[in-house]
């Protein structure tokens, strides 16, 4: 079971989200309309089916608004919820719950959207032996949360940032002069706990890269035919990752070429939110 | 012309976005592969048509990475770009540009996605006299940036947070006991520069609300027939805002009922990113 | 009952206040002189009568120093305390209480000073139908806290910042060219949940403004005679707010002209602190 | 000439002050009403005579809003300005200047108020040989700025926080058991660069304290007669500081008793702001 | 007993230390390998003898990772631990404990190293009447923690920063022109709770300084013979502090010259860490 | 050439270091003693030979104090300086330079100490084919800076945090039950860009680990004889890393067993600072 992110990782974005909603005066509506001691019991329910994520950020949001709110998750992160299914229940001061509502729902909606789309892609290639991976095309400020949502949906996180692996892309190769020069320079500076992936745009570049034994090779915008050729050349020598032009219509055919990984930017940059709402109980 | 957001408003989310990408060691690939004094000229180009937003956040991101990068916007925020159109050009150290690339593109892609979807909705109701508005269903940490993107797309921002207007929703009414009680309490606590909107679920609630002369009334999940009836009852007495079940198939018919505003959560919670990329020049 | 500000709103200024008092080594006196396990019971008492405010910030200050201190408010925020009256009682480690003392008293003293002066102005115009409002002339860093203290004293908060309403002032009018141009531009950019106030310096400007039906009009430095004329022209068409030259000698006569609001910068920029001290029990 | 505070010391409170004014959307009025390229020249003028302080914080505020604003101080910090005198001139984009205006004026107004009141007290005891000192009764978040304003007004800053000197007060003495015990404990823990002051409430306590040769002795709420007696006992053996019941009516008589210092909480907790405004040039 | 530092003083460096270890994804090893509900009991043990410090920072580190971890100190800060001695015991979720382990050990190891070296120097001059003091040559970000570790080792903290005492060094004297001018300027600006120390490089400079009665005089790089001469000239008139060329071989002879203080940069800039480790119980 | 760390990575610790030195009042000595417009030219010189590091943090420190200071590095990061060699020259306001001096020197001294000790270890095993690596036993807050200093000294950085590679240590194995179970769990959760290292305490554990083909194996506290046996078993199948009991006396013999890496905690936890000072020119 994937553990929640540490609170210290979540805290900056949770604080930012609450601060932008509370502004200078807080929830003026609840303060005006609801008695200070009125209590309530509410459920966060899914208005559509999907895979849940973001309970950790939602829970921390609630804690910052009022540490006395009681939250019971009815379903774990990474679990599929059906339409109208209950995600969690909250009990506490009505003012506190309504103040925290939107921030909690925004985290759950967005991150469950990412987990749900990830699961859809993973299911689309079931049985092929390939895996789906995310990219660094994440929402500013939500990198760690969206990577975790991707994993909750059954896909792989890929690099978390510019610093945890070397990924030589087309512009790096252009700046270095060639795939070979770029790989040589990268290997010379590599720490022993870090790996190298190199992006290639053609079978020729792939053949140039293979003798350097990079950990992984990104086959960018290859045709299905070229992907198959690349698999024949490189499978087992490096992790072969396909990217470019991937969508739900194309992904299975790509997986069936025998590549190891397929990376999909849309998992994080274009996942529609899962529709979730708060109902009084 | 809508001015950029102040740097102080942008800075927290820009810092967070860069920090999560730079990690502890920065861009290990560019540092390994590219000569320290190599310079480059690159263009950010749109891979699909849309309305541009996020140039302010992208520019501040670049500045934090290297204040000596030169950025020339080729197209302003809020302007439509065609497929393959150039959004901006960057000149500077190749290492700096490639380090900043992903963060810049993530801001432009997401916020242009919001502006583009907003524009699509606005265009869909052209001539009806109604306006499109966003909601508080925004991405955590990006509230101000997404609201501005909505405005760049021609729509209205609605409330920025819980503190800048009173919006009495169904759960508030339930907690207060009735629409009337909620409105009375709200009016008693209202500052003279703040307005009240109340959400109603039925024509009966609308009739209960109108005598209190709220600034605006949110007609939630009304049928087209009930919206038309609501317009007959309330038009001119309060700003009438429709919400619920709004999508590109339904929005024009809703607008044609005569409501003043239509609020659409999807503008911010489910806008696909505009596809933008960095090309060497 | 006005609720306390959310802790997230208070936290930045409370942290700053404690940090500047604790410095690098903390309370060297209490640490040197008082036994580590010595406990004490103390009262915060008012040395003069007034209206109490700031208990939320004082409580959070205490919590940051030592979450085990027990604080019992003897009197609520917004309530009048008589001379020698007890505001709150604290029980806990003597070192902790003396470490937190000054920060707590500084918050209560200043904010109660604001609430007390606000109440004095409100009482001075009792029965006239006018209301007292604060301005943005607040202490840097204390905007939200001082606005709340104003409300606790019975007055109105006015704008919280530059972003929550449009207030067109003399310099804006000069830059735009005229009251009319400024109002036209403002109305064209206005969100549907935001209101416009315009400052006028003469009856002629008032007459120029009225046809635009602004939400409120600020009559700046008008004579009593001109205020009365302004009331005849504009009452009921816009909220009429007087400002300039307001003090406790002049405020009632201004209110009796029939204006709706009187804004007073001194509420926040020149309120003397309420004298409060800590006594051992 | 007293130098400005380092920007790193000013920055937290300046950021807080700007953030609370800019909110999420910035200066909506200037953005709506003023052309983006309109430039202006403005003067900050004193509406009443006083001693200027806060130019450093005002300048940093302007820099954060727009680093291209040009500011020319016409008068230095610590210098007396006459009524209608110009404090500084600003040239730049009109939008930027009006956005920064209120924060700049709030810093200058408050801190000049502190400097002016300090100067008034210093002048009131001219020729007596005594000095005026501030206390830790400062505005939360403004400790360093107000201490500097006090010095600009000719008075002494006293302790900056709990950590830079030992000051044994009545509650410490009560907790320790006696003046002697408290002084012994303090001396045992003292670093060689730190000094001790002890508060005494009676001549008896003064006599108990003197043999320990503390650096300074705070004579709290002594009558003029007892102050004179204290001076006879202690002058030259320790710095003698009077406090309690000090106001502009009583301060000279207190000074004439021969004490070395007179500390006045009102310098920082109850100084009315100096009235300053922004005029177009 | 020296109390722990306030949490607010520790928090910035503790947050920084945890954030740099947790990165974006937290402790991927413990999350992968250890069951989520597995509990453990561990001891932090000293692998070599020394004086313990840093328990406050270690405890706060643990709290941030998981507030439910139970920590029992077996030995207090400032107490000598023998080789293999247990410093503290921790009970809680195994994942939490292993996540916090390295940060806790890094604080305890480094700060105990400082305390231990301080104690070694103090012991080396036992009986001479002199004292050992630290300098401002501390680890960036750890000033307050290392000063406290020095005190736990029996030495004196000296200045905490540039702002809590005047210390006129050689470069200041050069800039001012002479020892006399520098001292005159310093005395003119001195607050009554702050002291002056002046560095002198020769007996001639010492003789120039003594008439100004500075609180302390730093005898920098004096020979033993000159130190003895300085003591004859200045002992009792100012605190005499020796610095320069101090190590464990030379310190006793220096102390025996009769100086009051000996300051040693190595206490904080070159103390080897005390070897501490975590053992399962 | 290793590039400097990004300013955004350095900024938190540089701000913390300056803030703790400037306190609330800044450099009271320089402000009192040095004329505001006095300029100076100074050199940072090494008092002993070593390898320089920390110029990036020192430069950023200077920039925060006064962006107009001119700094010219005379020697690059990673380059050996001889005794009395000049590291950099600074020109600017004398006050600014002396204010920044200590923070700059503290960064350079500590980080050059780390680089110098790293170089010493690297030199000690020259020609053996083994490499020296650091650990996570770094100074709290300085992880990224010390890792870079290690690399500047010619050694390898190893993991930057808990999140960038899996390192299964003895306590993980105990919690999991066996080396095999721990490795199976780790492999099941592994992202495709992350590697696994496992710590073994005996040849038996090594033999248990090898079939899982981990990226690296940490041979902890092996005798030289067992290291040699481990090399025979595992060389070429996994990176073999020795740790435990490594010092300058033992390191070469360890390297000569044929291991690939030797990790040394002392590089960062016990490196004495390189002695550097500021001289007027």
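Going by the order they are written in, the chains are A, B, C, D, E and F; count residues from 1 in each one.
In this text, a residue touches a chain if its C-beta (ideal position, glycine included) is under 8 Å from a C-beta of that chain, and two chains touch if they have at least 3 such contacts.
Only a predicted model underlies this, so the values are computations on that prediction, with no experimental measurement involved.
In terms of the stated touch criterion, the partners common to subunit A and subunit B are C, D, E, F, listed by label. The greatest centre-to-centre distance from subunit E, using averaged C-alpha positions, is reached by B. When the C-beta pairs in contact are tallied for A-D and for B-D, the bigger tally goes to B-D.
Of all residue numbers used at the contact between subunit B and subunit C, over half are used by both chains, marking a mostly same-residue interface. Centre-to-centre separation between subunit A and subunit C, using Cα means, comes to 44 Å.
Taking each chain's centre as the mean of its C-alpha atoms, subunit D lies 32 Å from subunit E. One simple way to say how far apart two chains are is to compare their mean CA positions; for subunit B and subunit E this gives 51 Å. For subunit E, residues that reach two or more other chains under the stated contact definition are 20, 22-27, 31, 99, 143-144, 157, 160-161, 163-165, 194. Put simply, subunit F touches subunit E in their complex at residues 12-14, 16-17, 20-35, 38, 40, 42, 57, 94, 98-99, 101-103, 105-107, 109-110, 113, 136-144, 160-169, 171-172, 174-176, 182, 185-186, 188-190, 194, 266, 269-270, 272-273, 278, 280. Subunit E meets subunit B in the complex at residues 20, 23-24. Of all residues in subunit C, only 1-3, 5-9, 143-144, 147-148, 157, 160-161, 164 touch subunit A in the complex they form.
The touching residues of subunit B, counted against subunit C in their complex, run 131, 133, 156-160, 163-165, 191-195, 197, 215-216, 239, 241, 260-261. Per the touch definition, subunit C reaches subunit E in the complex via residues 15, 18-19, 22-26, 31, 36, 64-65, 95, 99.
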